[in-house]
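Quick heads-up: structures coming right below.
Shared between the two complexes below is chain A, which pairs with chain B and chain C, respectively.
Showing the complex of A and B:
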């Protein structure tokens, strides 16, 4: 008797829950759909970002042995880490300057070539389009480590492919990875090989988005090819420029794997291949100065946000 | 017909011009291909040939001993398996979660929607490297160092993928979803039986991009994996010259074999991948 009452009650409860669910499903479900993102965002982004901020004002005083539970002993040092990085630390300055040089080299050299290649690939009656698309994307999806190893061979002094190719034109080879002055050009060449074709595919996609009838109309009105290019094509490519320039700049400051491999887990002759993220890695995971490394991380973020903001502002001003 | 001939006259370049343009494209392709070719040929060279003159792209003699050494003396096969496992799992879960979140943003109205979407965009601009130190400390506290949890879990939901999925899922017709609702389908049922099948090409693109990123990831695995048998391909290949005393030829062999599957998948699906990637950038 009592058992049957219980089951009816259970049934009623079950019914009301499923009833409520069927009525409110649509309101609740988006939060369930978003749950994995929100949880991972809180645990693996918000919390570490806060912890890094906290750490950046600390100094590691010592380590607790694993037998006693492990961990680090921290000491509050105020703005010491930041002050040191901004005023005293020459290596950090070198890393930032290298990042900037690579960024400028990348934008100034890569961008025009990538755009030129895209224009060629977009021209009518051009052959090898499929082949070119394939080839230009391949370096981008190749592991940076693999790229690094290939280029250690190519950049060799005596037996390197690049110097051998130069000597065919009567140019004497240089120590691409051993001569301080040629490290940056070598890295820019490597960057050119890796990202130029990739960027040209973005330009190509942008070019294919320019309405043909607009260009044709302008031509019928007597506009020259140069004018059509300048006043119709380029403005249509604005979002591509924004994307390519900003990702290029961010990538320049976060360069890690390729120089790390080229310089055998080091920073190259006289720190000529040292980049900000590499410096963060060396400080945090080789010297275990975790507070200092976190401060580097925050300064780097500030620099990247500043540059991105400036770029967006510049591009906003460029409205044709 | 008349219009067509006229058009060719206006924008069609002359023959000499066209030949020049074609050769420029071809030179670009060649310059891109040479390092790959060099990698492959280097892996078949005899010891020392890479450190002798004259420098050639093709080997003087083809040898297979680098491959013998790679499979015999190193943990290459283990690394390969580790990488397939972690990249596969991370891709499967990551794509599913990104599609869920994308569906929420594309197809539902709820409180704080704009705020949550702002969070997605915010994570896009925050450089991951800031989090390296505290994330590593966290992995240590979790006891996840030297486990694949550390590689798979922290980066599982990628903001960019949510962004892409949202764009694709927006194109799923609302009427179809409403019709299913009238037929009594649950929201999860709608997601699995209507949304996912309709955006399958997009899922493929997002999956490949996630897979490739995990396959090539280096900095984070380097920090959380220290045991040689746990290594992924990227760390294994990067450190191969140390403990194994192998020659550059064997490293080139490993590089070639680790790049091969990625290149094959890409060749098969290049049109979709490039379209998927570049779409966001054109729209701005």
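Showing the complex of A and C:
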């Protein structure tokens, strides 16, 4: 028995690194290739997310001197931040309502427009399709700073292009950025301009995946163009609708750059241009309420997850 | 023995060194002596004009006096600077020696006593404090008695008016002594000719604060207690609302729109600190020779002649390992004739360093303001300027005032008293 153990030990001692490598390299190599991403993901995503979760139960009181290691002075507040957000904070409620209004406004108006643009681009006799796709995609890749600046000029009440255009039809201009009744319409116009073309490309890709033989069979069976579109094309576009609605929703609640620039680093009259991520930024980086800002972030994530889950459920029901 | 003797050559060498050193010491800008050790200090700022001024100062003055101390000036866009600075403070690493602290970005970093990331400058300033215009140079950066920044410009609000239009209308702009007289004597005449008399912002809390502060009101007392809820605040906000509703006041617009309105003569008087003069020249150059300035009308015998508006102060971080050198840089920038006059030349900002106020170059005539001498107005107004009590929660407070008092009152006709109460409630809730 002891001789047998010795033999095993000796074998283990002689097991060289190269032997180990030749045995395990197929298992290890994928992790080596993944390591750069995994390390950066852990450091820049998982750790901050964990730290923010921890912070969401604290109140930041001040800074600790670098001589003492740096950092912030924390006071444990339990669930106070969440309770306050859910039950007392009117601004957070306003930001969520604005996000929801923007989501409904943009997504509901955007989808038919984007689908219409995609149908046009997919039509066999339309020319300059590549140019059209490029033009439709351009607003999406244009810097938010530039977009914000351009739309500031467009929406300016006295000298803006939009009011000038309206006046040509005898319509009196309005304060798009100064009258809180018109702030949301202005933001929705900006949203449509930015995302319609982008989403039309997804619809175009979806349209190109609708099997021609199905449509042809339906036509042979006497289905009109409208019925073919309604009963074949639209159901095939279901995944695109899901994608557009969910990304639109997330984008709406995460809106930051455009309103921040339009309202000159503010939130518009009466907070009419305030969105949840903007509120998070104001609280965390302008008012140094990092704990509260972290709680806003987590609550926002929970709200988006909840709404997304409901949407997925609805789309699943649609399939049935 | 001969080795201990001082040769003539050695004597001349030593004498010339001593002479150079004494001449060096005679320079008003040389306190930290040139050392063998190479030191680098850095400053984070956000303003191009200040960056240019400091770079010029480094090239023309600093490098001559302190060749071993290099100054790295880092420019970051305004809205990005504070999150970046905050991240550095939280990390406890990568913190600059000095920061250009804009007045509105002061409070959030000094909320809790004992954990301020800026070093108090009181002891370093010492008696030199007497050389500065306190309301502009130190008060906006003073919290709990500690001075955390030195501002280089005097910034009293003055009233600018279109003298050509007033002459044409036969209105005497110098006649009104009070704000009531200002609107009663000039309002109808201006409106009759299609002009607003005065431009006021509905998108900024400051235009309310200027008149409230001038009348003797304050947002906070020295102990940090909110002072906004008063009959005076209600009176001022109501008065502004009435002027807006009657058309005597017009919305001044923001950004390019403000200057478009100015060029279009939508308003014929406007107020601003001296730095605003530079923006007027830049954005409405065709109006050169059509503007003049005067002191603000008063509210009553108790009101201040004017109030300070805006400003940026240089501060030292507690993390700096080169506080002495950093202070020397701040001192040369703000507490020497060379530094402050260079600032005037580069930025056209009237220095807060009082000993140079009688310099001829500061009192030059300005063609944009029809041959007036802005320096004379600024220096005289500075003497009657109110001081501001800055609170660590200042930004949070002004945000509430704008959202829940100024905007609802000026844009939606809300009741001023109710609006002010809501603003204070909101502030207390968020504090």
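We take it that the second predicted complex is superposed on the first by the 288 of 320 C-alpha atoms of A that agree within 3 Å, B and C clash if a C-alpha of one lies under 4 Å from a C-alpha of the other, contacts with A are read in each partner's own complex, and residues count from 1 in each chain.
The working rule: contacts are C-beta pairs under 8 Å (C-beta built on N, C-alpha and C of every residue); 3 or more make two chains touch, one makes a residue touch a chain.
Keep in mind that this is a model prediction, so the values were computed, not measured.
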| item | value |
| --- | --- |
| First, second, both or neither for A:285, with chain B first and chain C second | both |
| Partner chain in contact with A:159 - chain B first, chain C second, else both or neither | both |
| Touched partner set for A:126, first chain B, second chain C, both or neither | first |
| Which superposed partner A:266 touches (first chain B, second chain C, both, neither) | second |
| Touched partner set for A:277, first chain B, second chain C, both or neither | first |
| Residue contacts with chain A in the superposition, chain B compared against chain C | B |
| Touching partner for A:298 - first (chain B), second (chain C), both, neither | first |
| Touching partner for A:40 - first (chain B), second (chain C), both, neither | first |
| Partner chain(s) touched by A:88 [first = chain B, second = chain C, both, neither] | second |
| Overlap of chain C and chain B interfaces on chain A (superposed complexes) | 70, 72, 152-153, 156, 158-159, 285, 290 |
| Complex contact set, residues of chain B against chain A | 7-8, 10-13, 18, 21-22, 24-26, 28-29, 31-36, 38-39, 42, 50-55, 57, 97, 100-101, 103-104, 108-110, 113, 116, 119-120, 123, 125-127, 129-138, 140, 153-157, 162, 186-188, 191, 212, 215-216, 218-219, 223, 233-234, 237-238, 248, 251-252, 255, 258-259, 262-263, 266-267, 270, 273-275, 277-284 |
| Chain B-facing residues of chain A, complex | 25-27, 29-31, 33-34, 36-38, 40-41, 44-45, 47-49, 51-52, 55, 70, 72, 117, 120-121, 123-128, 131-139, 141-154, 156, 158-161, 163-164, 193, 197, 201-202, 204-206, 209, 216, 219, 238-240, 242-244, 250, 254, 256-257, 260-261, 277, 280-281, 284-285, 290, 293-294, 297-298, 300-301, 304-305, 308 |
| Complex interface listing, chain C residues touching chain A | 79, 82-83, 86, 89-93, 95, 108-109, 111-112, 114-117, 202-203, 251, 253-257, 260-261, 318-319, 395-396, 399, 402-403, 407-408, 411-412, 429-430 |
| Touching residues (chain side chain A, partner chain C) in the complex | 61-67, 69-73, 88-89, 152-153, 156-159, 178-180, 264-267, 269-271, 282, 285-290 |
